[in-house]
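What follows is a group of structures, each given as structure tokens.
You will see two complexes here that share subunit A, one where it goes with subunit B and one where it goes with subunit C.
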Partner chain A sequence: MKQSEGKIGIRELMAIIMLSVGTKLTDDTPSILYSTAKNSAWMSMLLIGIVSIIPVFFLVKVFSVHKDKNLHQLNIHLFGKFVGNMVSFGLLLFGFTALVLDSATYADIISTMYFTKTPFLPIYLILLIVCGYGAKRGIEHIGSTAWLTIFYLKITLFIALLISFLQGEFKMIYPLWGPGIGEIVKTAGRNISVFADFYYLGLIAPLVSSYKSFKKGTLLAYLIVAIELVIPLIIFVMIFDFTSIEIMQYPFHEMILYISLGFLTNVETIFLPFWLIASFIRFSFYLYLVVLLFGGVFKIKEFEFLIPVIVVLVLFSGLAPKYGEFTIPHLREFFLTTLSPIFFGLPCLMLFIAKVRGDFKHEAAKESH
Partner chain B sequence: MFKLLKKIAGRKKRLKPDQSKNTLTEQNHQKEQFISAQIEENLDLMNEIYQIPHNGDVKIRELKLGGSGRKAAILFISSIADVRTVEDSAIKPLLANTRENAGIDEIIATQNVTAFSNIKSLVENINLGNAVIFLDGSTKAFTFDCANFQGRSVEKAESEVLIKGSKEALTEKVIVNLSLIRKRIKNENLIAESMTISKRSHNVVYILYIRNLADEKLIANVKKRLASLNVDAIQNLSLLEQYIEDRRLSLFPSLLYTERPDRATSFLEDGHIVLLMDNSPDSIVLPATFWSFFHTAEEHYLRFIFGNFVRVIRMVAMFITIFISAIYISVTTFHTEMIPADLLLAIAGTREKVPFPIFFEILLMEAAFELIREAGLRVPNPMGPTIGIVGALILGQAAVEANIISPIVIIVVALSGLTSFTVSDISLNFALRIIRFLFILSAGVFGIYGMTALFIMGLFYLVSLKSFGVPYLAPMSPHYVSSGDTIFRRVLTHENFRPGYLKPVDIKKKGDGAAK
Partner chain C sequence: MKRRRRVIKLCVMMPLVMLLTGCWDLTGLDEKVFVIGIGLDKAEEKGKVDITYLIANAEMGSANGASSNEPSSMTITLRASDFISMKNTANSVISREISYDLLRLILVSEELAKEDDFIRFIYSAIKDREVKRTVHLIVSKEKAEDFFDKNKPLFLSRPHKYYVNMLNRGNEIGLIPESLMHHFLRITEADADLFLSAYTTTDIKKTEDKTRADENDSLAGEMRVEGVTNNSQFLGAAVFSEGKMIGTLTGVENRIAMMINDTTEVSDVISVFPDPSNEDYQVSVRVRKKQNTKVNMDLNAEPPQIHVTLPILLDVLTDPPMNNPVESKKKLENIRKGMENYMEGRVKELVQRTQKEFKADPFGWSLYGRKEFKTLKEYMEFDWMKTYPDMKVDVDVSVSLGKFGRQPKAPSYKEIRD
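Here is the complex of A and B:
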């Protein structure tokens, strides 16, 4: 009832987060974790989940005193005009790179796992066109679409995981500590940026119907997503065991290729559309964020019109590394490692500056008046 | 020289009244006059306006009042006025009157008598089927209601058929329709505002809403849209719909069209607005959401479980209609590994002699089905069943035997065609049929990937649609307070709220635990 034009409610926010972060378990993120933490990757993930709560919580905290600002405006407010713009520009570069690498990865999944005879370009093109269309519709409609589909997506994911769990061998998760605690912690530290998306959520903070919904929605969705990412990591190991899992690039898709359902021996095509829907929504959202940030940094009010330009940019940047067959996973790994300290450090810095500037006191004073 | 000629020609034209009086502005000018005290002048004017005696059904009865002997005349259109009323309640008492200075309203025995002094209102009254009395020496003329338009009587609903529940349908007479709705809402707050929306034919639309319930802004918005029309004639609601809808090129309808008075009534009671018009055996409900097209009235008349069972069937049928042909194409062309081996062999066996690709086969058969459907609709009644048998059985059988189509394709297409009939709303039905072809195309090009891409684009489009400011998929998303009547319905005693997206003045429609 209270919803006004262009804003999303807590349902839509949670659905977006769960789709955009939750789908990470289906790409090569697990294999990056498996490559160093071996069969104990789930512990690294758990650790990441526990540690990442700090920057996420700090970020939410900072927004409690700047309810009408988005991340970019907040950066300018906290760091000053020049440094703030530089930070936002850096974020834009990271966001754009993430969009390029992730979308190229997803197109690669589609072309290597499902459409082996179709060339990469048309698959990538369609992915980007659909996401461009979604981004053009705006956050409100991305949110609505996410909310309308999330139950069906999560139910099918749950079914897939359940079947795998039943067909898997529980003993395979041993040795419990895998390559040793040190390696687990190191892996967690390098890849803490798995949850970096939450930092970008700050961009749509003022577009959520109320701060309360933003806070509640973000934290609740964080909890769900963290669990959602840990459990499949265990199940993948149960199905494939640790030696084979290290060489798999997309364990989720290998898993749905592997399992069978009664008289249907090959069920991956049943799960494919659901996963595709999640991916389309995810990249629509990413594209929207990148364009929003681009509009903010370069002061373009009607940023929706940038979408075709950005789509073309993403398309060509995504195509380039494809020709070096193995570059994208490496780039992604490198990217995750670079982003990790930034994701962890920035929110802490922001909270610190906000404290020093006395924003919290102002807010308290304002509220008491 | 030329100018001079033109001037002379122009003057000639002005001298000939018959030729120039046909324009709308001059007709209006004529009607701006006031009634004269000389009855002959009035009758001359009326003769001119109605082109008597060319106009065969416009009747003037001249007479002298029995008491005073003053001249009087009664004018009416005999095809739309009730002649018996005119004779019994007007002509007879006027002639039989004996008092010398009795007023017209004292003589005439009809439900109402109204006096007018300008020609314009008189003409409007006559066009509505009323009769007018001119009196010599009076600058006022008197009208009384005696309209009697011909039309059907109330009949059974034909396109929205129910087993349980009321069988009445709206008819072409708006008065009857109003009566059917007022029969269901016995409340003085049910307002039926009338509004003339066309310039020449003077078509009247009735805007129905419940005062103190429907959102004032919404009512104002609807009135504004209707008032902004600048059209000579809008014959009925089907045409009006296309003038006032939000997106004229959209595949999805944004105004609900129902022929059931009970359905229109339940929408009114939730705070919607209903439009009625003469010549339309239906009503328009606005704003409409996707769900209102998906629902029928019966699901609420049936008990909770039965009603929801019907909804499940319809949802499944909708998906089958849209997807089954496309899925068959993509699975057999792109994802053959998912078909169990035996079935795959069976499909391959039936396709052995068929020379076409599956995509073309399906397209051919779907097109044939649409042809049969359209033809079946247009053939004269007695031939209908024949066409059905020829089309479905013989054509299909022969096509299979001639190795043009494989039998599985017949099953697939028959299923998709049959299931499309479960959606009773004609607009949504058309939308689904067209969407089906889009999915077939996308499946032919890109298999499941193409279908999913189209599906998600469609969903993005659907959530961004609005009907009079109301999101198309509300209250599911964006979320609003409501009775949650979307895919499923709740137990009737728990459907406590009016839909919040309408911003009704009073959101609650039942007490908690309405039937304790």
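Here is the complex of A and C:
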């Protein structure tokens, strides 16, 4: 029974992107930015947003002439069979690592911020089982779930941010240039891979109903997500100030623990379920991508059946590090830094090769006939 | 066939519902006791504190619990290394699981607050999930243990109601500062300004003089109150610099500091000023801030200069000399000027005190100062706290008069006595 034959439309695509990239503001990505860019982390994020448009745009451009291929097939087409497979395999490793580190971080958030007495293992296990089930249902279901829930999720997020904005103090974002322009640019360069998810979107490009919706959806969602990541970074500083924010691991959760809605004091119980749903969708999507790529590289057609295996692998890799509390954030930071040049370079290289091979001319010729 | 599958599916799904209870972290409400206040006192042993719990009786105040004869709260004091391990230690006396979910205040005795080590104990607050950044941090003159024991409010005997109301109202009228843990942590870590914490005591001085210019211009315990009423006073502020208590502000001084500071809000201030036209009398005025404080700085000057303008709207509510200021422009101007001078004088006194005595400001001016710098490095090198005592601070209070009570005019004193 193949379940992923269905296609998704522009709405679903945008919802998936907004949930999977947008939730990054709720994990420790902000604190990685704050650790070096201090109160000007938002500027680094803005810079990342501006610069990342280049690889994203290039990628979309390359797909304009290979509308029926996914990222893996495109790699083989452009780089040749051997190199293409190697590139895809590399991508698979990175994707898998991202999945492990991010999911372990999320399980850690749940266990340190909300369920303090529950051991880490069952939390992690349940998170992965739910996401595995989601991934098994295929992209169509992930897409429609994302679309169904996105408004609730974003509205609650918006409310939380609005309250924080009103309770915050705008003057705290000064001195405007924080640790200096040099440090802001360096931070941006190191963490440009915050948007690396967009590269992996190429894997589902042929699953989007038309190329036009893929292009439009990707670019529009990109714009929204970029704004969505910059503004909270300002708001966190407005609430906590630059000295406190540096030592905070999960600023978003500290924020919802702090704010109150009038007479309602423990409002985190309202935000938690929505955030959980967003994370489920995010990791279902990641898991789906990893399995899809795995199936591509190792030529396994019925790749959905790999999901339980991957889930178990992720679970054990996530549990493996000793002193996880300390190791995982460090690994994540290291990982983001390593991925950054790759995320920036690969799409450029792909566009370049496509140009040299004359793919664009063929396409133009095909269209004129 | 289809039906059977559905039934099987349902049977598989049902056990999953059990997961929703949150398995390990599940505790019934009746298996918990709620700590409303934590008191911290200095212990003779190093690395230890005496911790007092104020525990609310959940049965009190509920509709059917009114008949029970149990007291509304109890206190328990133990020596512990921090208030996280205390949760278990106290269970040798208390039968149920101890929860900080409803924790409203952390009360610190002045003795401990003045210790260098105080900061080590208070920072465990950010480690525990249940202790929120919205708890109030309050300083008591006596030992926190004694305060909780002695403080028996007559009304609102349920402790969470009493403390929350007391603190919120005191905050609105500006006699005690907001003093949230969040602000304490933020200000201590930013290391530039002073943190103000509410000051309280049950240790009331008995032999105070009866007449005073302004009853609020004093500290908790110094105000003369008679009658059968609550035996604690919440008035004035404890001043914290770098996480250590270094002094106190009276109720009125605290009001001034809160008025100037834009990050705090005082909404309902009625105060007493000397009448400019007749020194024997005092007038009641309602003080409101018209706009945000304007702060201009010239930090490159030697010494650095700060110019502060505080726009105030005054409603003059009484007129004991009965000289009807509304009748003439000259009288109005006279009152306005008199008030302005009086307020400026008070503000200047306070600013000088902060510069000389506390060597840092409680007005949040460092936040304005940040705008003057391009990078954090420059700002750090300027070292706000170090520079502040030498700064030249000008404060302008610009008063505009608002209403004159419900009935602005009063009959003339002379005519009645005629």
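Keep in mind that, in the parts below, the second predicted complex is superposed on the first by the 361 of 369 C-alpha atoms of A that agree within 3 Å, B and C clash if a C-alpha of one lies under 4 Å from a C-alpha of the other, contacts with A are read in each partner's own complex, and residues count from 1 in each chain.
Basically, a residue touches a chain if its C-beta (ideal position, glycine included) is under 8 Å from a C-beta of that chain, and two chains touch if they have at least 3 such contacts.
Just so it is clear, the structure is predicted and the values come from calculations on it, not from any experiment.
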item: Touched partner set for A:L176, first subunit B, second subunit C, both or neither; value: second
item: First, second, both or neither for A:F115, with subunit B first and subunit C second; value: both
item: Comparison of subunit B and subunit C by subunit A residues contacted; value: B
item: First, second, both or neither for A:F242, with subunit B first and subunit C second; value: second
item: Subunit B versus subunit C as contact partner of A:I126, first or second or both or neither; value: both
item: Partner chain(s) touched by A:F263 [first = subunit B, second = subunit C, both, neither]; value: first
item: Doubly contacted residues of subunit A, that is, touched by subunit B and again by subunit C; value: 114-115, 118, 122, 126, 265-266
item: Partner subunit A, residues of subunit C touching it in the complex; value: 19, 22-25, 101, 129, 132-134, 182, 185-186, 189-191, 262-263, 367-368, 370-371, 373-379
item: Subunit B partner contacts - residues on subunit A that touch it in the complex; value: 1, 3, 8-9, 11-12, 110, 114-115, 118, 122-123, 126-127, 129-130, 133-134, 137-138, 140-145, 147-149, 263-270, 272-273, 276-277, 280-281, 284
item: For the subunit A and subunit C complex, residues of the former touching the latter; value: 38-39, 112-119, 122, 126, 169, 171-172, 174-180, 240-244, 247, 254, 257-258, 260, 265-266
item: Of subunit B, residues touching subunit A in the complex; value: 331, 334-335, 337-338, 340, 446-453, 455-457, 459-461, 463-464, 471, 473, 476-481, 500, 503
